[in-house]
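Look at the two complexes coming up: chain A is in both, with chain B in one and chain C in the other.
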Partner chain A sequence: MSLSYSRRKIATAYLFILPGLLLFLIFVIYPIAKAFQMSFYEWNIMPGKPNEFIGLGNYIRAYNDPIVRLSLTNTIVYTIITVPTGMILALLSALLLNQIRRGKVFFRTLYYLPVITSWVIVSFLFRYFFQSPKGILNNLLVNTFHIIKEPISWLQNTPTAFIPIWALGIWKEIGWAMVIFLAALQTIPTELYEAAELDGANAWKRLINVTLPLIRPTLVFVLVVLMIGGFNVFTSVFLITNGGPLQRTEVILSYMFHQAFDYLDFGYGTAISFLLAAIIIILSFLQIRFLRKPEEII
Partner chain B sequence: MRTKLQIIISALMILSVALAACGPSTPAAVTPVTVIETREVMITPTPAPEGPITITFWHIYSEAEMNMLEDTLIPKFEAEHPNVKVQSVQIPYAEFRRKLLTAISGGTAPDLIRSDIIWVPEFAYMGATVALDELMPDFEQYANSVFEGPLATNFFNGHYYGLPLDTNNRVLVYNKDMFKAAGIEAPPTTLDEFLADCEKIKQLGEGKYCYADYGTYAWAVNPFIWSFGGDITDPNYTVSTGYLNGPNTRAAYEFLKKLVDEGYMHPGILGGGLDAWGGFGNDEIAMILEGPWFPTIFGTEKDYGFALMPAGPGGHISVVGGEDIVMFQQSQHKEEAADFIRFILSEDSQVAMASVGQMPVLKTFAEPGSPIDLDFYGIFFEQAKTARARTPHPNFTKIEAIYQNAGLAYLRGEQSFEEAFNAAVAQIDPLLKLEP
Partner chain C sequence: MMEHFVRLFRKNISKVLIYLGITCGAIVMVTPFLYMVSTAFKKHSYSLAFDPGLIPANPTITNFIKTWKMNNFQLYFRNSLFVAITSVLFVVLVSSMMAYAFARFEFPGKEIIFFTILIVLMVPNMVCLIPQFLLAKTLGLRNSLWGLILFYVSGMVPFNTFLLRGFFETLPKELEDAVLIDGGSYFTVYRKIILPLSTPALATISIFSFLGFWDEFILALTFIDDTSKRTLPIAIATLQGQYATEWGWVFAASIIAVIPVIIVFVSLQKYFVGGITSGAFR
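Coming up: the complex of A and B.
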């Protein structure tokens, strides 16, 4: 029992980590490893029944599956549309909010509300808004504002069926990104703005030359996190269109879900999700590698 | 001092997790009181061998039906079988199959379920369910007392994997107010009359639809396909070429396309959301196909009537729905579960469920002197004589998705009938062939 003080400290740390680590191993690492194994099999969901090893069969099938390609395209388009739009709107609201003196907490709460509302409930609401011919949105456009003559069949066609999905994604992103940006903005020393002002920089130049460079690490962080979220879009698609009409709004995760849980093709489903994981890991790595300066990488 | 305390606390945390994981076999070590408390909370109590047995019954009953089951039938069963408790679990239809399959793969399937008839072959093919004709010595007696159509939905590979619990089918429900406004006196008896009535209903103006359904899945389109004399597969469910893309099926889809193109059909069939019951109630939709649950859930304030599915060249053929009671291999209490099956198929239980909208399966109930309301159920018993079941095949879910998409592509005008359905049968035919 002659452990040195620092050894004891380390032992304590490990003991504290252990319960969480065990839970992590059992409920996160084990399922991932199991799923990885499943992706090489024609998996039988009955316990005790034999599973047929088919090597890369599921991955080859995914590569040749036109719906996998379509859903991958849809996922990428979703990310390209929602992430930059969400970030720009979030940055704008953060800049505005950073300047007002009164009601800051009120507006911050207001913008953050979408983040804490349930995806499920809002998805259902969006589906009702976009119903045709008698949804609320059609009613507003046709009867109240007379912008269009005939109601639009939003959910029956692409690309209009994507609009509620994109809109919901952006609406959800803004609040979260704004709070992060706000925190970053508050770390910028006011002297820098004063100095810039003395040098004759206007508001736009101050934004470009002072604000943005200084919150760059935050921008990259938000970009990476939102991109991962974008690639993982599922709930809104599942509940608003369920991949329809004719599988045209299917995204990677909804297609994976249908394969695994409707058609019981768990091997194929897991293969699709590992393809998605590979894409996300590569993109995140590239983003961090090229968008962050070397000194910012921990 | 502080470090020591930290070590003790963390050790206790680990110990509590370990104890909870070990379960009841872990001896109660000499440990502080807090640990013992954690352990008591986290361990699932193991039932004592002599105590009551619990059988789990998953179902998709509506509110009124579930109340009847839980407040009347289960207490009665438990009084007759003091050793058995029945746990009723209600799960929404959309989640039922997924949740069940997850439970099966985890080895925690319920003892019994009220299964959509269309899932029974799939579960049997997977080897998940019990052949009741092997388990129950008195199976014949029950098989003989129920309608043959619903009974047949339990048959797979030479055995019966369930017993019918309730049956239903879709009949035409028509909106009397709209019929009156359009000057139509009686509900259509043929599909030609149906079309003529649709023209009159269209004259009622913008936003008035003759007919509505939610999509092109089997439950919606099969009555039209069959009534036109078409079919999905041959009678033995081995091939779809020549049936699903045959001339009679084609006539049915052309009929549906006409309804869409002329604006008789609510566009909701093409996707994008529809509230058919709401539209029916607001005099926007004149006709829908519905089952015997309709009055219980929709209400009886609106003036509407029931009629048989309008006849085409193939007759007035509707689709059979309903549920079978099915037992799982993973059940630990098969005998008790079989007792519950006998109980729920008894005349009293069937009468009770009929009072809340469940159409009974006992043959005697369709005859004069029936203990149930034949004024109401009569039309459904009449329709049941010709109604048919959707393809009873383990791959039904995939097969249905294929022709649902083909039908949608055709109705939307994106593909010709040949393009859509020749491609569909090419996909469906291999699915019909089962690996042994």
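Coming up: the complex of A and C.
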């Protein structure tokens, strides 16, 4: 009786997970496994033609490919520039917003607008601002504020071509991080601040000694998510510079995309994407391991 | 009004400074959108005399009418709606079923499946892009909206299952036990207890999934060649590619595409904030 009952329960459980599991296995797990396999092959897109196993060939090629190094550097620089800047601005906004009552929801909505707007739209928007010679920004700098004499060809040169990409990255991540910080700040009991104030701690000391240590898990969480997002940067680069001029602004994923869909070099493309996946997985583990205190690990 | 401000200023200078800081930040966040709207209301924003001002000299809705009537734009809007809504329905159904099994049942393979889901959450989506493209080709799912839906749903199942399992585990078991003792099946429990009690969590994942599907660009870009099967992000990118200097058209189309998002966001704010703070929604 009890055996058949538990068997029936197991069968029911499988019925519940079956649709999701099938989709997951066919459309997610199989492609990941397949990508891993492809990364060891000279993959032929012509049907019927054999794919040649080349072992670590694609990975060795990536290691020696100057554009892979450049796009890796660009990706890391993007992350290093956008993540701390975005986090500091988001924390500052959250600290300010946490002190007001009137208009809190209104301002939170405004700050969150960039987050909910599609990457495609905001990428074009930033490309439009940075156009040359007749772009909004050039016009402001040359005609309105007279800061420069000649319009800058932002997108045609490096490093200026990175500026719209970085600016967009920062602008788009502030709202998300701010909402998370705001929620964390609201969990801090006001008594703690009052006690610190009685002890003569000024606003800066209260921030350093009370607020930041208490929201430490949130800081780590936001840092991890934003860094992963930073390493995954693609759409903005693809639509603002498309890796140009002369591949100077290429990031890992845009280079992988170009290798795969412009040069149809699928094996090489998957190898590049696995390099990124490895970096991201190692980073996530490292950050969680080193930045969290032992008792905070779930 | 002025008096009020003066009194406020005297009473609390720091409060004024706080509002000043917040307002400056808000201006930075909103200005790009103002330029987008302004450009969309300008006629021939680039080809004629360049009008860089924020307020259009002669505002016009020509760009909106033109893009809305442009070949297939309404079809693309319908495609996007169809793909996003259908995907949301499926992803909510499939993820909630799976999450219920993980929250309430013991079965062989449970740990390994759940662990796999957690690991996959760390793998960048674009790692799968090339094999997914080949798979879609093999299965005849390229240039098909249903193909997009299948890949979209599958991609979101791991994360939504993970979140919903966490939520389902917080639900009290007593009600479920009562239904089971009365002879109800597990499907009755799922339908009559779990789903109704989880409306906030389901609403949250529906909204975020909808936004993700509505804005999805990369898969649609690689899967869809057939012009009649495009979704809005692809349509906007194509518009930009074809009429590079007609920014008014690009932004009019963008505003039309953003309107559903703003409606969803503003009307369902409470689920939004709950969702952002409960998980890794971005």
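Brief remarks on what is shown
Everything below uses one rule, namely that the second predicted complex is superposed on the first by the 278 of 298 C-alpha atoms of A that agree within 3 Å, B and C clash if a C-alpha of one lies under 4 Å from a C-alpha of the other, contacts with A are read in each partner's own complex, and residues count from 1 in each chain.
Quick note on the criterion: a residue touches a chain if its C-beta (ideal position, glycine included) is under 8 Å from a C-beta of that chain, and two chains touch if they have at least 3 such contacts.
Please read all numbers here as calculations on a predicted model, not as lab measurements.
Residue contacts after overlaying the shared chain place A:179 against chain C, while chain B stays out of touching range.
In the superposition on chain A, A:262 makes contact with chain B only, not with chain C.
Looking at the shared chain after the overlay, A:9 reaches both chain B and chain C.
When the two complexes are overlaid on their common chain A, residue A:276 makes contact with chain C while staying clear of chain B.
In the superposition on chain A, A:154 makes contact with chain B only, while chain C stays out of contact range. When the shared chain is aligned, chain B comes close enough to touch A:132, but chain C does not. In the superposition on chain A, A:245 contacts chain B only, with no contact to chain C.
When the two complexes are superposed, the chain touching more residues of chain A, out of chain B and chain C, is C. In the superposition on chain A, A:49 makes contact with chain B only, while chain C stays out of contact range. Residues 9, 12, 16, 19, 128, 134, 261 of chain A are contacted both by chain B in one complex and by chain C in the other.
By the touch criterion stated above, chain A contacts chain B in their complex at residues 5, 8-9, 11-12, 15-16, 18-19, 22, 45-47, 49, 127-128, 130-135, 153-156, 161, 241, 244-247, 261-264.
Chain contact summary for the complex, chain C toward chain A: residues 15, 18-19, 21-22, 25-26, 28-30, 32-33, 35-36, 39, 46, 50, 52, 93-95, 97-98, 100-102, 105-108, 110, 113, 116-117, 120, 122-132, 134-135, 150-151, 153-155, 157-158, 161, 185-186, 190, 211, 214-215, 217-218, 222, 233, 236-237, 240, 247, 250-251, 254, 257-258, 261-262, 265-266, 269, 272-273, 276-277, 280, 282. On the side of chain B, the complex with chain A involves touching residues 3, 6-7, 10-11, 13-14, 17, 97-98, 101-102, 104-107, 126-128, 207, 267, 270-274, 397-398, 401, 405, 408-409, 412, 414.
Interface residues of chain A facing chain C in the complex, by the touch rule stated above, are 9-10, 12-14, 16-17, 19-21, 23-24, 26-32, 34-35, 38, 89, 92-93, 96-97, 99-100, 103, 105, 107-122, 124-126, 128-129, 134, 136, 139-140, 143, 171, 174-176, 179-180, 183, 221, 225, 228-229, 231-232, 234-235, 239, 253, 256-257, 260-261, 266, 269-270, 273-274, 276-277, 280-281, 284.
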